[in-house]
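So, here's a batch of structures to check.
You will see chain A twice below: alongside chain B first, and alongside chain C after that.
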Partner chain A sequence: MNPIINILLVLFAGSILAFGIDSINRKWTGWVAFLSVLLATFNLLSQTQASDVVFSLGGIRLKWGLSSLRLYFTYIIIILNLLAFLYSIDYMKGKARLGYFYSAFLLTVLGMFGVVISKDFVSFFIFWEIMTWSSFLLIIYNAYYKIKTEGLKYMIFSAIGAYAMLTAIVFVYHFYGTFDIATAIDQGVFSFENHIYIPLFFALAFAIKAAIMPFHIWAPSAYADSPMSFTSVFSGAMSKMGIFGLLLVLSTYYALHNPQAYIFTQILAWLGGITAAMATIYALIQTDAKRLLAYSSISQLGYIVVALSTGTKLGVMAALYLAVLHAVFKGALFMVAGAVEKQAGTTDMTKISGLIRKMPWTFFVALVSVIALTGIPPVGGFVGKWLLYEALITESNNYFLVIVIFFSSTAAFLYAYRFLFGLFLGQEEKETENVKEAPVKMLIPMLILALISIVTGIMPGLIFKPAAAAMREIGFENVNWEMTSLSNVWGNQTDLSLIGLFIAAVFVLIFIFLTFKGKKNTRYVGTKDISSSGELWKEGENWTFQQDFYKPFERAAAPLYKYKMNKIWEDFGNALEAFFNFFRRIYTGNGQTYALYVIGFLVLLLLFKDYIFR
Partner chain B sequence: MEGIGLKIFGAFLTAILAFTVGMFYGGLRRKITARVQNRVGPPVYQNFIDLMKLQGKQTNIAHGFMGHMAPMWIIIAAMTVLMFIPILHNGLWFDNLTFKGDLIFILYMMVFGSLGMALGAGQSGNPNSAIGVTRGLSLMVGYEIPFVLSLVAIMIQFHTTSLQDLMNYQYQTGRWIILDNPFAFLAALMSSLGMFRYSPFDIVGAPAELASGPVSEFGGKYLGTMMTGGSVFAFIKLVLIVDIFLGGAGNVHMSGLAGTLIGLGELLLKTFLLYMIPVFIGLVSPRFRTEQAIRFFWKWPTFFGILAVIWAVLHPVGS
Partner chain C sequence: MVITPVHYIVAPLLAAFAIPLLSKIYKDAARVVPGIVLFYNMIISFVLMRQVLKHGMINEIIAGWQPPWGINLVLTPFTGFLAAMVSVMGFIIWLYGFRFKRTLKGGVVKYYEILQMMMIAGSIGVIITGDLFNMFVFIEIVGITAYSLTAFYRDRNGAEAGFKYLLLGSLASVFLLLAILLIYTQTGTLNMAQIAERMPEVSSGIKITALIFFLIALGIEAEMFPLNGWTPDAYEQAPSPTSATFAAVVSIAGIYALVRVLFTLFDVSGVHQYLIVMGFITMLVAEIAAISQKNLKRMLAYSSIGQVGLVLIAFGIGSQLAVFGALFLMLNHAVIKSLLFMTGSYFIYNSGEKRLEGLNGMHKRLPYVSALFSLAAFAIIGFPPFSGFWSKFYILIAASDQKMIFLIIGILLVTIIELVYYLRLVGRIYFAKEEMQDIAHKPSVNALVAMSFLALFIILIGIYPDIITGYINQAAAALLDKTHYIQQILANK
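Take a look at the complex of A and B:
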């Protein structure tokens, strides 16, 4: 049987089964869900050369299939989900409504997979909606009381995106007479020459899903309030559906480099850059680790959009690479936040600190992922940053965008450090005395993700290979890549294997020196035994530095903090409300007024009868 | 195998050179500061004595895993960056790995040490250290902007991201890049003031305010290792700016040992003169508050950086 059908069936059956089995034995729910994703993974890995599935539904020809670009995103979805489901088993232990959670989660996976395999607009839209609605159920799983504020934001923005997409699809069929994506692209749907609103409507839907400013305001709370095992997928894989869509929209531009689309890509690039910068400076003032990661996630998506919009080989390669890497390290970081939440009860950084000795493995994962996030060599994040900068500097004219990006990635050090310090470093307080390391089933997925980060830092070719195949599909021929080194169009290169080797060599030397020199006389002390300029620590005194962490930076960057997108949308909403309130007055509830309307309408008809009844 | 042996020898030689020069410059700064303040001051080799004392300490205080790793990370970052920066243009032993990494890599690798330091300081649990770290990171956001602007300007003007290519250009034409793009040099020089963290930007260590900030919990072998790394970094920053803007060193058309020695002399002269700029500015300046320091870098240096980029677009040199 075709693996596509198999995967869809397995996920769908898993969703129903998980819902049913929850009422029989709650212990099995997570395992059933995990097994169904595992089966889907095996199906995918066993047969990557699937033929297209074509069938007719109500006279519309639906077409599902895989190709190298689709396969690339399928790998992100399936592998991250597999790890997230394994993580879920222990993370969700003891929580209510497990059946609801897992069945919605599996439906979301089904939706994501469906979006990627759809080769026609109708099934694309259907799967897109399945994904959106089931993820909405997961967002309100924890915060049911927030349904009217935060849940509604997500719903409204998703609905706007969906309607925009639906309108665009109708227009596509009207003007081009086809629902097939490849055919429509060949006929120039996304060429920006005529019917410019079609690509714009599509881009709106995708930008909303990728949380690009100004459509991002649903994202911080949606990411932070969902269960963390879902958020790692939500931010890691589901936001990539927006990137996947944007790749489709821009594929005409990549192939032809038509000047009509150029302006659009420039606007998109700047939107991405501003998203990256603004989300970063908001991330570093958060006191909740989950919200910090949520903002960080938005900012990382900004980088990817910038890379996409360059439209050059290196840039698109950077986008595809960052898409994977972001899924890897942000998935791991959200899992870390979930592990801390599970073990310590909260992720509020003003309440907990100094977990490094209690949760060393979790800290290790957090450390590697943070290094990947900030893009410091020799971990995989550096490759993405390198590609992005080289693409912007050598292949585009957006020199000032480089600065915006560089500003945000330097400021990213601030929140990255805030995250590590807030949860793991600093004073060990009484409140966290009894915290234990996370369960093994939660640690394994995190460690696997950390390992991927490390390996890709030395051998990025592992990702370049499928990425190059995917790029061939959207109009880039002969993409050069090497397993362990990077090179730009000016012929400059960076050799990662040498760097890795050198760092390893120095590390070993200095490690031996520092560890064994005077080992016997080295005394390990706690966090209360510190130099304090003569003041002695008294029992119960709190020396934790967690409040107003970056106050000086906030003061320096005060003008940037003035602009709040939330406020602008709120004003917009209020204006709309006032506007519609005015029209509501038509319905007075008075019969006489309505009679007047009818008479007025008839009078109008009579007056203009020559024009109307010709 | 002879090639590899020579490489390793060259690497050690470079490390020793960077370490010695960095430590010596540090001692010189202390001496000059003392003379300006009308004191006798320590001898110029005082830093070496300090280092020997620190490494010879009998007991060491360790604050856990990250505290143990922090000095290591600083050394790793310093050594790695050092290997990728061309010390001399045609020195005998100093070309190390300079063809294998470019400016973007160097920029990012330089932060590696700071992050390790920040994490180590964080684990000690000392609030002063953490405050110092937040100040340092905030300051970094300040000075990186003009510095990157100036580097981007140079990269697009000369159509290369490789430091070696920039040096080759200056060697072949005999023309320093400071003449091709003076604004980039100004921006880089001003941001280097922040990198050196002397007054008025000594907000990270902030003597008498933060109890020496991030390093306050480190002692013995840890502090000694950090000091070594810091000295190498001081040398790296100087060489980086000399290489990019001031023609590099080793431009004499002589090969062999004599050429290398003359090149080293040239390098020492240029780096020393460059080093005196932050030192003398530090001598006459009081300390900024953190937000003032950040604001400073976002004003004039950034303005010069933007000018540099515009200049680079108008006057492209590379093909």
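Take a look at the complex of A and C:
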């Protein structure tokens, strides 16, 4: 049977089975869900050459199939999900409503997979919506208050995006007479020449899913408050659906480089740049590790969008590469946050610290992933960052944008360090004395992700290969790559391993230098051995870095924090609700008034009958 | 015995007279007999629908009196489809309510089931009749039964709601009668086909005046803004199976009457624009009102009005695809909204209050019913892969064919309002803290069967709409092909 149908069936059956089995034996629920993703993975890996599935539904021709671009994103989805489900088994242990959780989770996976394999707009939309509502069910999993605020915010934004897309889809059908994505693109749906709102509406939907400012309002809470095993997928894979969509929208521009679309790509690039910078600044002041990661995730998506919008070979390659890497390291980081949450009970960085001794493996994963996030060699994140810089500097004239990206990626060091320090370094606190290392089933997926980060740093060609194939599909010919290098615009090669090795060597040298230099004077102290230089210590005084970590920076950047998009949206929502509440009083509940309406309406119709009816 | 459309009417009428007598012999007759009758109606609707699709329209002349003196019943694919839908929903609602009313004391049940049955029979009558005055009679039957059912619980609120309904309903009757009179004086006939044939000769002033009377009268029945003041109260105060019947049967009949009159009888331009504008206003105001409701059934009632507004918009667009979408939406509305009322009724039954707070944490007490409610909520918002998605989708495609981009955006924005309050409800059921914990009133088996059947329908149609689209397509074609309708009936004469 066709692997596509197999995978969809396996995921769907798993979703129903997980729901059912939860009432029989709660221990099996996670395993059933994991098994169904595992089966899906095997299905995918065993047959990559799938023929298209074409059938008619409700008078509409639907087409599902794989191609190199789709396969690229399918790998991201399936592999990250496989690890996340393995991680879930222990992470979700002892929580309520496991059946609900896993069943919705599997439906989300099904939705994501469906979005990627859809070759026509209708099934694209159907799967997109399945993905959205099932992920909504997961976001509100943790508490009720969220449905009123955060969950609904996500849903409203998603619905605005999805319905913008739906509007665009029906107009694609009206103007081009087809729902087929490839045919429509060939006919110039996304050329920005006529019916410009069609690509704009599509882009709106994708920008919302990728949490590009100013449509990011839903993202911080949605990322931070969901169960972490889901967030790693949510931020790692589902946000990539937005990137996938944007690639489709921009594919005409990539092939033709038409000037009409150029302005649009510039706007998009700027939105991406602003997102990267602003989200970084917000990430700095977070005290909760999960929220910090959430903002960081938004900012990383900003990089990817910037890279996409350059529209050059190197830029798109950077985007595709960063898409994978972001899935890998952000998936791992959210899992780390989940492990800390599970073991220490909180992720508040002002409350816990010094977990390095308790959770060394988790720390290792966090360290590697943070290195990947900040783009330090020899880990994979460096390659992506390098490609992005090179694409921006050599192939675009947007030097100001380069500065923005440089700024935000430097500032990323700050929050990345804070994350590491806040959770793992510093003094041990009393509360965390009994914390133990995370269970093996949680560690394995995290370590695998860390390993991928490292391997892709040494051999980026592993990702270049499928990425080059994917790029061929969206209009880039001759993407040359080797295992460790990529040819750039001038035809000469960017030997990434050489650069990487060089920088790594410098770091190692500095490390050795520092170690030997300080050796003589080093006195080893326990983590709780704090000397107060003779001053008397008062209860409640701040002795640690945990609080006000970047106070000077916060003070300097204070004006920036004043303007919160969130507030604007909330005011808007409140005003709307008040207006609705006022408006509904049309229904007074008074029979006489209603009768009066009838008569009034009759009189109105009789008065204006010549204008209304002819 | 040959099955003909008249069985739809005769069987319930006979049963209604027989039930008081039968109750003397068999105590439960008042509850069982309507079920048998409605089941019979369901069966004949399938048989007749098959017949219609095979051999074309059925035109039955009652008692051999030729129109315009006699009355004829017409079953086209359009009316056949709606009649089948209404009778199936009628039976399912009976099945649901079979034990629901056992909690009530003795004699009351008798009236309840008879009224309920007559309301459904009257709605079928509205749909299948080919005679304008006959339609008026059936609308009156529906109206009278509906008023009394609204005031079924003998308390202040019930009486008030019933009175409001009665007030507006009688206004509707007056204007309907006036309109029919005007038409009769001009065309000399009450047969709809003949009226349609002679309509071009009527002077336009009188025609439009009659049209406006029709619009007012049938607008009240079809819950069009601003004529729908009765709706929220009636839906709220009526017993829940009756609320479901209002949504699934009565409002369908009301829309049918409006559409039949506008599409077949009149040839006035501007009607379509009127329907689109009024439909949109209806939908917008209803959803705005729904989002700030604090009472579950009232919220569902406003949501019903919203759906009706969308149906009217779709009819207003008027192309084959739009009418197809409208009929599909009517079907979905009937199924989904009655499922919402059915499940919602169990929430109210369990918590003992109609306010939204009563829903808090209800999934612990009623896990299955909660799942069904959520399913229905998702379906009515229009999330794929549930049936509600397809109807909305077809309507949007139809609108895009007319380049009505602002209409599409408007509909979708209103859908977002709808989404907000339905998801709040789902959130309440699953995630809010339950206030008190007492013994759960589990749904009875028959109610479970009825609700599961509807849920199954929602999922099946959602995943594979082709099961039903063929019928709806023919129904839509039959409504739009006015000349064929006229010719067939006049030839049959």
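Heads up, the rule we're going with is that the second predicted complex is superposed on the first by the 518 of 614 C-alpha atoms of A that agree within 3 Å, B and C clash if a C-alpha of one lies under 4 Å from a C-alpha of the other, contacts with A are read in each partner's own complex, and residues count from 1 in each chain.
Throughout what follows, a residue touches a chain if its C-beta (ideal position, glycine included) is under 8 Å from a C-beta of that chain, and two chains touch if they have at least 3 such contacts.
Note that the structure is a prediction, hence the values are computed from the model and not measured.
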item	value
Per-residue contact with chain A, leading partner among chain C and chain B	B
Touched partner set for A:L39, first chain B, second chain C, both or neither	neither
Touching partner for A:I448 - first (chain B), second (chain C), both, neither	neither
Chain B versus chain C as contact partner of A:A255, first or second or both or neither	neither
Chain B versus chain C as contact partner of A:L9, first or second or both or neither	neither
Footprint overlap on chain A, comparing chain B with chain C	none
Chain B partner contacts - residues on chain A that touch it in the complex	354, 356-357, 360, 367, 371, 374-377, 382, 385-386, 389-390, 393-394, 399-400, 402-403, 406-407, 410-411, 413-414, 417, 420-421, 425-428, 488, 490, 492-495, 498-499, 502-503, 506-507, 510-511, 513-515, 517-518, 521-528, 530-533, 543-545, 549-550, 552-553, 555-557
Chain C residues touching chain A - in the complex, by the definition given at the top	160, 163-164, 167-168, 171, 175, 208-209, 211-213, 215-216, 219-220, 226-227, 229-230, 232-233, 268-271, 273-274, 285, 288-289, 291-293, 378, 383-385, 389-390, 393-394, 396-397, 399-401, 403, 405, 408-409, 412-413, 415-417, 419-420, 423-424, 426-428, 430-433, 464-466, 469
Chain A partner contacts - residues on chain B that touch it in the complex	55, 57-66, 68, 71-72, 75-76, 79-80, 83, 97, 100-102, 104-105, 108-109, 111-112, 115, 118-119, 122-128, 130-131, 133-135, 137-138, 140-142, 144-145, 148-149, 152, 155-156, 159-162, 165, 211, 216-217, 220-222, 225, 289-292, 294-295, 298, 305-306, 309, 313
Residues of chain A touching chain C in the complex	56-59, 100, 122, 125-126, 129-130, 133, 136, 140, 143-144, 146-148, 151-152, 155-156, 159-160, 163, 166-167, 170-171, 173-174, 197, 577, 580-581, 583-584, 586-587, 589, 591, 593-595, 597-602, 605-606, 609, 612-614
